[in-house]
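The next part holds the structures, each set out as structure tokens.
The same subunit A turns up in both complexes below, where it pairs with subunit B and then with subunit C.
Moving on, here comes the complex of A and B:
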């Protein structure tokens, strides 16, 4: 598995788990925790995505600017 | 290969922690009931057979379920050593069972409060105090059942999900 594909699956897995977590927390009446969990999942995914966007810009830089 | 083993260990430990916390929620109502049962036995000992307190505590300990048996056993032992008041002996028993039981601090507070009045007055007054303690424990038991209903399953799920999340994040 290449790192890119791994990242996609990782993000998908986090989304899946956070969705379950949100449902469970909401069912047991802890709605504010459910929102915090969703936010935490969002932040985690965001950090991963920022890493890859950084990667992308570096690649573009090497292709177009450093010839 | 090593990765898989690490992921499995992480998942197993997180699941274990979740189930351990859930067990405390499940055990607390049962343990409160055990203490209530033991207090009723003690009431019978005080009201009908007027047993001396160390012997009464020992007999109650022999007939009750954990963690009440440990509490009363330790209290009886502390009382049997002499030199200690009943309240101190009860506090000793509470300390002894605090390590293993799933009870909360305010559960112990009720028991300790009752222990302070035990052996300090006549039979009628003690019976009255026992009724008060039983009433408070019944209240706490209802609250514990409610908290079990809300939190037991949740803690199990949270443990498993936290394990899965960590595995995914670190894999």
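Moving on, here comes the complex of A and C:
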């Protein structure tokens, strides 16, 4: 399993965990905590994805823009 | 990477995103985005060899290297713009996708103008 594929599964896993956490916190009446948890999870995942997009941009730059 | 591997990554990410869309929508979008990044990364690595052989051909035909560089830049812009626009459309932001495409088109026109002026100048030289 390459690091890229592992990142895909990682993000899906974090998504499931955040969804479960959101439901549990909502059920126990802590709505604002649920929202903050969802936001924190989204930001964490977004940082991972941004790193990979940066990698892709660099690759495209080296292939197409700099001979 | 092998083509079957790439298609497998795409299918797996599709299944994950489809399940996540019900539970947590933003994560489905991010999974789709990352899967797109992974697929494009694998494809771009293969494309480096193609670019090298094209530039060898251009050298053999004694084509001005600036032209080839412009064409490659335009292909790169098209790749990135298509990628971003499809992600935006996937997230339900059709208008934003249209704007991204517009930005790419303007960038391509800006790159293509020097070639067009070169063509026009050559034509003017040919005219008596």
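The rule we apply is simple: the second predicted complex is superposed on the first by the 67 of 67 C-alpha atoms of A that agree within 3 Å, B and C clash if a C-alpha of one lies under 4 Å from a C-alpha of the other, contacts with A are read in each partner's own complex, and residues count from 1 in each chain.
Note that in this section a residue touches a chain if its C-beta (ideal position, glycine included) is under 8 Å from a C-beta of that chain, and two chains touch if they have at least 3 such contacts.
Note that the coordinates shown come from a computational prediction; the quantities given were computed from them, not determined experimentally.
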(request) Check the contacts made with subunit A and report whether subunit B or subunit C touches more of its residues. (result) C
(message) Is A:14 touching anything from subunit B or subunit C once the two structures are fitted on A? First, second, both or neither.
(response) both
(message) Quick check on the superposed pair: does A:65 touch subunit B, subunit C, both, or neither? Answer first, second, both or neither.
(response) second
(message) In the overlaid three-chain picture, which partner chain does A:57 touch, first (subunit B) or second (subunit C), both, or neither?
(response) second
(message) For A:43 in the superposed arrangement: first (subunit B), second (subunit C), both or neither?
(response) neither
(request) Pick one for A:28: touches subunit B only (first), subunit C only (second), both, or neither. (result) first
(request) Would you check which partner chain A:5 touches, where first means subunit B only, second means subunit C only, and both and neither mean what they say? (result) second
(request) Would you tell me the residues on subunit A in contact with subunit B in one complex that are also in contact with subunit C in the other? (result) 14
(message) With touch defined as at the start, can you tell me which subunit A residues reach subunit B in the complex?
(response) 6, 10, 13-14, 17, 20-21, 24-25, 28-30, 44
(request) Can you check the complex and tell me which residues of subunit B touch subunit A? (result) 150-151, 153-154, 157-158, 161, 164-165, 168-169, 171
(request) Going by the contact rule at the top, pick out the subunit A residues touching subunit C in the complex. (result) 4-5, 7-9, 11-12, 14-16, 18-19, 22, 38, 41-42, 45-46, 48-49, 52-53, 55-57, 59-65, 67
(request) Please name which positions on subunit C make contact with subunit A in the complex. (result) 9, 12-13, 16, 20, 23-24, 26-28, 30-31, 33-35, 37-38, 40-41, 44-45, 47-48, 51, 55, 65, 69, 72-73, 75-76, 79-80
